[in-house]
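Below you'll find the structure I mean.
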């Protein structure tokens, strides 16, 4: 099995979760309803936890420990999609991103649970239940708000329009795509994307939202290869501010 | 713009200085309340854990799951809208409410008997637990049925009665949502053990002391 | 989290004269027997009013209390701290939710309480009007402010109002994590690099006065609270709680080689009590009345959260919904 290919896969999974978990944690204490504040924080914690699980697998391949990997790399070393690094915006944008991202995430976890690479399969099987709740949460909110007031529908629609090119960027293929598919490690981005479209469409159809025309939407690629928006580096600097006071210290 | 020690607050782009007085609110700016019941483990009685504010029962479930089961092991959760629960008066800690209250004639009956869930409070300050399910055509009849079936077991200071159809129950196949809860050690007190560090520090101090 | 220092309304005894003496006697007998009061029980108006006020202040302290430590939520160093800091701050929001619900059973809506908070009509614990300058400040809060809150909350959990007790039981269980987490973080700093040690000592120095303020003014300065104690609304005196805190935590501070910025702090072998320099109670009054370093920001943030979240609530409100209090 190609080690490089698996490492690449692990990095993109872990980096996505770390960055989105970090972004979502910014909402703690600022949410629209106390209960939602709590739910959103739990999911952010889960995401950070998922990234930790995948960085731990990477360590078994000889990569540095999870703290070093997460807190000391620069933006161009991150394999996360650009979707996850975008600022939170207002709650409609965060919710739409959560909906677009977690639906894809759940499909990835379902597929990875069948991976021929056992350590990944194990982690995915174990954590799938958490993501299931994330998707239930996301879909329930979108269904509810997406068919409520004009104000809410308008907000969600404009966030959806804004986020969609970035969401399509999640499915940017890796150099090792075919290899991962051939060896049964991962079903590949095409497969995830096809299933993702089905599922998000099924939700959107129950609302008054419209999925923008995919033909004319250019995906925002680059993230998987270290090419990021101007938002990622400041996020990383902030995240590592204390850690970098003394990276050798135990905090 | 307000520059805060908290970078998150800085990003809220709040104006510096005093805000203008808040706009008066619409008449009701909060959701209805739902009551949550939690099952610790398979076979255990569902126990009352508290309310959430939510626009409907599916959202109430989302909220209750994280507010009331993010920590302890959980194998199931029920939510019911507060206004759907009928409540008896409360009696003293050594009394049985079924003996004290006069069971009233039903004001409304359903054509077909339907299931009701019965919850008992055994002691003031504790939580209501699920006593069981009865079939009846009204709340009052359900209460009578409850008295007959489970009304003689020790002090019962208060009873809640709710139609089963008004209780959203978590699905069997969704139990995996709670699978990893007991593993989230970072939010448990037991994960933090520093005695070793303290002892080591004290010893170092002793050995370097003049 | 919450200390003493709650502002009780001066108890006007004449309000009791309007109460039905038989019912009042029954109510007091119930409390004396050690039974809890539940929401639909008869209760004197004064009891209801003071409880609402106390639980509401406690709830506000939790939601505002999420902000000082929230300051460091995006900067917590390393996975272990990052996840725990998130969980800890989340718990405080959760505590607010539980406490607002408990207060709601007494007849004041959450919405009204939040409005009163934002408009500066209701108070919250003074300490949260101080800034968390560094990560170390956040650690001191997690450990010592939560420790203080636990002293208070454990006492209140034995109070007479059922819903408040139920909420506090859940809260105290979570506080155990906060306390251990905070202690763990402080120990790491205190036994770590010279820079870390310096950071934690500086933070402790900054927080000492707010910590001493936390339990409220000395008993001799507080308003008459005898009836609130008999009704098991107020469960321990400010001074008793402060003494209990000092007894439990000063030794734990000292064993780390940290110092407390009060040369007079020592346990008096004769009285068995701690002697200390009275903190500046004028400052306490000033801050509680709105003139602390962070009052304006704390309220502005809370208000912004409410206002920017209003569209979500507007979208899903049922136009015909009637207000129903939670049951318990």
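Lettered A, B and C in written order, each chain numbered from 1.
Everything below uses one rule, namely that contacts are C-beta pairs under 8 Å (C-beta built on N, C-alpha and C of every residue); 3 or more make two chains touch, one makes a residue touch a chain.
This structure is a prediction, so every number in the text was calculated from the model and none was measured.
> Quick check of your reading of the touch definition: is the inter-chain graph here a line, ring, star, complete or other?
Drawn as a graph, the chains make a fully connected set, so complete.
> Could you let me know which interface, A-B or A-C, is made of more C-beta pairs in contact?
Between the chain pairs A-C and A-B, A-C carries more contacts.
> Approximately how many whole Å separate the CA-defined centres of chain B and chain C?
22
> Could you grab the centroid distance between chain A and chain C? Build each centroid from C-alpha atoms only and quote it in angstrom.
36
> Provide the C-alpha centroid distance between chain A and chain B, rounded to the nearest whole angstrom.
31
> Mark out which residues of chain C touch at least two other chains, giving numbers and ranges.
Each of 67, 70, 73-75, 83, 87, 94, 97, 188, 301, 304, 310, 313-314, 316 in chain C touches at least two other chains.
> Any chance you could list the residues of chain A touching two or more other chains?
Residues 26, 30, 33-36, 38, 41-42, 45, 49, 144, 238 of chain A touch two or more partner chains.
> What parts of chain B, by residue number, touch at least two of the other chains?
7-8, 12, 31, 52-53, 55-56, 59, 67, 187
> Which bits of chain B are touching chain C when the two form their complex?
So the residues of chain B touching chain C come out as 2, 4-9, 12, 14, 17-19, 21-22, 25-26, 28-33, 35, 48-53, 55-56, 59, 67, 71, 82-83, 85, 87, 89-90, 92-93, 124-128, 157-158, 160, 186-194, 197-198, 200-202, 205.
> Which of the residues in chain A come into contact with chain B in the complex?
Per the touch definition, chain A meets chain B at residues 26, 30, 33-36, 38-39, 41-42, 45, 49, 87-88, 126-130, 132-133, 136-137, 140-141, 144, 238.
> Hey, which residues of chain C end up touching chain B in the complex?
Where chain C meets chain B, its residues are 30, 33, 35-38, 40-41, 67, 70-71, 73-75, 80, 83-84, 87-88, 91, 94, 97-98, 101, 104, 109-111, 115, 118-119, 131-133, 162, 165-167, 170, 173-174, 176-177, 179-181, 183-184, 187-188, 190-191, 255-257, 296-297, 300-301, 303-304, 307, 310, 313-314, 316-318, 321-328.
> For the complex, give me every residue of chain B touching chain A.
7-8, 11-12, 31, 52-56, 58-59, 62-63, 65-67, 70, 174, 176-180, 184, 187
> Write out the stretch or stretches of chain A touching chain C in their complex.
Counting only chain A, the residues touching chain C are 22, 25-26, 28-38, 41-42, 44-45, 48-49, 52, 66-67, 70-71, 90-92, 144-145, 148-149, 151-152, 155, 238-243, 245-246, 248-251.
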